[in-house]
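Structures incoming, each one as structure tokens.
Heads up, the next two complexes both have subunit A, just with different partners, subunit B and then subunit C.
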Partner chain A sequence: MASLDLVQSLHGHDDRAWSVKWNPAGTILASCGSDTKIILWMEEGGKWSAKVTLTNAHQRTVRTVAWSPTGTYLASCSFDKTICIWKRDETGAFDSIATLEGHENEVKCVAWSISGEYLASCSRDKTVWIWTCEYDDEYDCLSVLHSHTQDVKKLCWSPSEDILVSCSYDNTIKLFKDDGDDWTCVETLSGHTSTVWSVGFDHSGNRLVSCSDDQTIKIWQRLGGEGDGNFGAQGWQCVCTLGGFHDRTIFDVDWNRKNGAIASAGADDSIKIFEEDLDVRDSLREPSFRLSFSVPRAHSQDVNAVSWNPVRPNLLASCSDDGSIKIWNYTQEAR
Partner chain B sequence: MDGFSGTLRLTDLNDFMAPAQECIKPVTINRIPEKGRSIKITASGDYSEVDAKGQEKKLEKAAITLSDCLACSGCVTSAETVLIQQQSVDELLRVIRENLEVPADQRRIIVASVSLQSVASLARRYRLTMRQCQQKVSGYLRSLGVDRIYDLSAASALALTESQREFVDRARRNDPGSLPMLASACPGWICYAEKTHGSWVLPYINTTKSPQQIQGALIKKYLSRADHQNPGKYYHATLMMCYDKKLEASREDFYDDVLRSREVDCVVTSLEMEQMLEKKGVLLDQVCSSDFDLLPGLSTEFYNSGGGAGGYLENILRHAARELFQYEVGPVEYKTIRNQDFRETTVTINGELKLYFAAAYGFRNIQNIVQKLKRSKCPYGFVEIMACPSACLNGGGQIRAPDAAEAKVWLQDVQELFDSLEKTDAGSNIPWLDGLYRTLRDDPSTEPSKLLHTQYHSLENKGTALNIKW
Partner chain C sequence: MSVASRKGLDNSNPLVYESVSQRELTEAEQNDDVVDKFDGREVFDMIRRINDPEHPLTLEELNVVQIDHCEVDDDKNRVVVYYTPTIPHCSMATLIGLAIRVKLLRSLPERFKVDVRIYEGSHVSEAAVNKQLSDKERVAAALENDHLLNVINQCLTIHKK
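Here is the complex of A and B:
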């Protein structure tokens, strides 16, 4: 039997906790929330505790935090329209080194590309921005993308190349690439019937998982990608829809890049784990997923985000409107 | 509704929200206060007022003008709706038609000023040369009932010389806040600067009016004098490359309270012109040709060197090198930074960097300039800031390639057409320019420092209308 067991509840935010992210080494968990604080949690003697609290950078809710691929930089974005870049010095302390301005209103998400070369941000102003830093901690805006017609909720980069994915209140998911002079939207994925709250890649970059206010989770596959049985075709296609599991809005999904498990969470206060059914996978193009485990009352209010530890793939972090952060231990079903 | 520059689109102009939905502008409606009234929404969506006796009366819709919208920092979304009603081909045609219906001595003089960028766009569309296209556009407008047709020669020459002077003044003054000087010809950028950045950035913006507005001032103040006519007698329409120019024409600053007249009454875009031709089934190449008129005192045309954005960078660079360092700049060479819409150029004399200018087109590049400036890290003396990628030849009101895949080639064609006209450096001798200045100076109402300059207003948003959880 699979299971998801609570390791520890972390209390440090005085208001809604919006986002949790592990650093690439899996040793620090960053969280942020409506109290404008960013808290860095570390493990010591088997116990996680708040080691660093970053304050005074934002005036309003800190919506999302993101680690650079090396773990040296942390980016935070806020409803105060700004993005803040933090740098870790030799002593392990974090200093705010740059503030990126330009969005017209609430910044919803930030994400670093796998190369570390680009930082992307998105906002209620419907735009997606791509930034780069060449020298002196000076960030320049490379592109402002107007493809979405509504609030852009979440961003993520492919783990294998410089492809950016965004999702929006306009019910779509969009993919962006650099065409040489500017970034352009190369594909729009439609299928969700309401706000798409989050997207995430699998380990290969050939599959995406998305979740929505329509209470479904969708798996998308790149046609022409490796092993999809449809070599030569172009574009992405929805290959699986998981409905009937969450009965409220699903706010976040995270695809474990080590063991393939998908974690989801949302307004029904639950956390659910899905596993791909490799046995019943009849055609390469239509995978099947099953619910592996569910924690119905994982938090006492909306669960806003879930995040798998990249180095210890059994560890999952979650955060909620109830202000708490929880660390869970996932045990996969014995095969 | 497309057609605006990307910059304005970001500033929510394209949201298409009917006035009053979220409008925070208080509108005065004449009503007699009375007790016991209630408001009812009828099936057709009209608002009716029901008084104490149960009598129903349809309520007037609150009329919000475009200037109201532009002067408000609340939302700019309704601006567009209003704008399209007030400045459209239909409006122009209506004015012309009504003008022809009144007795000759009461008629207004209908003036059209045609931008070169629009000519290039139409020339590409109808496969004409620049010259042919000018003559066809002129011929067509005359056939509609337009009385005078001008290009923007005088206005561009004045815009460039005034900008050159202002730059040299600022450079000599060199107090904090005088440099960099930022270009002022693009209303998309001005609107963004006023609404989003406000007071701190405005002092850097060149106070010289854009060629469209200078042309407007020339028509209403200079031409009217020469004609011995009242300025109100002129109806002035322009043919331009973007919708943003409509917003510019609607600015309070360009409305003369005393004369009760706008410098530019109606802006029509290249695209709207094409649509009108299509709708009427007119083949532009078959229209009778006619020449443009020349404003009084002008003996030749002037087409600025330095590109579709108005040539500010190059002309100011040459003039500044001459005035400040007695140095003649050769062909201007650019270095592309990051993307083709961000270019720099320098003037180095005896190994010493003397002038460092940049052209930054499109929203992403405007961002970088503005943010650098905010952090006092902007190294440039002058920045030719324009809201559209590739600047005005690619304006939002220009005719698009029928197939989006050909957009780049189409734009190149337009560029080549534009470049095919012989261009002049504003510093070299424009035969009529001194004379024109003299005439302007002779009359206090056309004093160049007033006639050719404007000011900007901070309209920073004081919080959002919506305050939602996410």
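Here is the complex of A and C:
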């Protein structure tokens, strides 16, 4: 039997906790929230505690944080329209080294590309910005993308190439690529019938998972490539829809890149884990996923984010409107 | 969520409805040993005296909120309020919904999931307004806007008559 057991409940935010993200080494968990604080949690003797609190960088809610691929930088974005870049020095302390301005409205998400070359941000102002870090920690805006027609909620980069994915209040998911001249939208994925709150890649970069206010989770697959199943279609297609599991908005999904488990969470206070049915895996058929475990009252209020530890794939972090952060241990079903 | 400019009133001569009578306390409600679950009437009492942003009248007097349109399931922690804008193209519809939402967020225990929606068929932009009101991220951002928060607090200030 699979199970998801609570390891520890962490308290440090004075208000709604919006986002949790592990650093690439899996040793630091960063959280942020409506109290404008960013807290870095570390483990010592088997217990997690708040080691660093970053304050005074933002005037309003800190919506999301993101780690650079090396773990040296942390980016935070806020309803105050700015993005803050934090750098870790030799002693392990974090200092704010840059503030990026330009968005006309609340910044909803930031994400670093796998190469570390680009930082992307998105906003209530409907745009996605691509920034480069040139040298001396100077950040320049490379491109402003106007493809979405509404509030852009979340961003993520492919783990294998410089492809950026965004999702929006306009119910769509969009993929962006550098075509040699400028960044352009290369594909629009339609299928969700309301706001798409989050999107994430699997380990290969050939599949995406998304979640929505329409209370479904969708799996998208890049078809027509070598070794892929081809259902007579090209490009990204929805190959699986998981409905009937959450009965309110689903705010976040995270695809574990080590063990393939998908975690989802939302306004019904629950956390659910899905696993692919590998027994029925067949390149000529659409994939099938099943509910592996569910914690109906994971938090006492909405669960806003879930994040798998990249190095210890059994560890899952979550955060909630109740202000708490929780760390969970996932035991996969024996195969 | 911007506040529409106030050049002229949307609905300059609204119908005014009579207020419902005071809730009568039952014996069970006065007994501390009896678990008193939230009901539609209680939720209605929380929101009936919210002021209209334009008129010196309450949402109850304008028939924007009604007892029968407050649904409560205490066991499932659900509250759904359907409100009826005075006219189908009312530009204040989002603001009124936001005021109801804020009032309920402040008054009800945190365990409740609150949905505030336009009564079906009573507004031209029903779907768009409902989507905005149910987006808690946009509601949170709106409430960090001092000007908007002031306007909402004015709507929520109870005027003695």
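One rule holds for everything that comes next: the second predicted complex is superposed on the first by the 325 of 335 C-alpha atoms of A that agree within 3 Å, B and C clash if a C-alpha of one lies under 4 Å from a C-alpha of the other, contacts with A are read in each partner's own complex, and residues count from 1 in each chain.
We adopt the following convention: a residue touches a chain if its C-beta (ideal position, glycine included) is under 8 Å from a C-beta of that chain, and two chains touch if they have at least 3 such contacts.
Note that this is a predicted model, so its numbers are computed, not measured.
Of the two partner chains placed around the shared chain by superposition, subunit B and subunit C are both touched by A:R124. Of the two partner chains placed by the overlay, neither subunit B nor subunit C lies in contact with A:L164.
Applying the stated contact rule after C-alpha superposition, one finds that A:D151 touches each of subunit B and subunit C.
Of the two partner chains, neither subunit B nor subunit C is touched by A:L175. Look at A:R60: by the touch rule set out above, it reaches subunit C but stays clear of subunit B.
In the superposed model, A:S300 lies in contact with subunit C only, and not with subunit B. With both structures placed on the common chain, the touch criterion links A:A267 to subunit C but leaves subunit B unconnected. When both complexes are overlaid on chain A, the residue A:L242 reaches neither subunit B nor subunit C.
Applying the stated contact rule after C-alpha superposition, one finds that A:D322 touches subunit C and leaves subunit B untouched. Touching of subunit A by both subunit B and subunit C, each in its own complex, is seen for residues 106, 108, 124, 151, 153. Taken in their complex, subunit C has these residues touching subunit A: 110-111, 113, 131, 134-138, 140-141, 144.
Residues 16, 34, 60-61, 63, 79, 106, 108, 124, 151, 153, 169, 194-195, 213, 248-249, 267, 300-302, 321-322 of subunit A touch subunit C in their complex.
Considering their complex, residues 6, 9-12, 196, 338-340, 363-365, 367-368, 371-372, 374, 377, 389, 464, 470 of subunit B touch subunit A. Against subunit B, the residues of subunit A that register as touching in their complex are 100-102, 104-106, 108, 124-125, 127, 138, 140-144, 146, 151, 153, 181-182.
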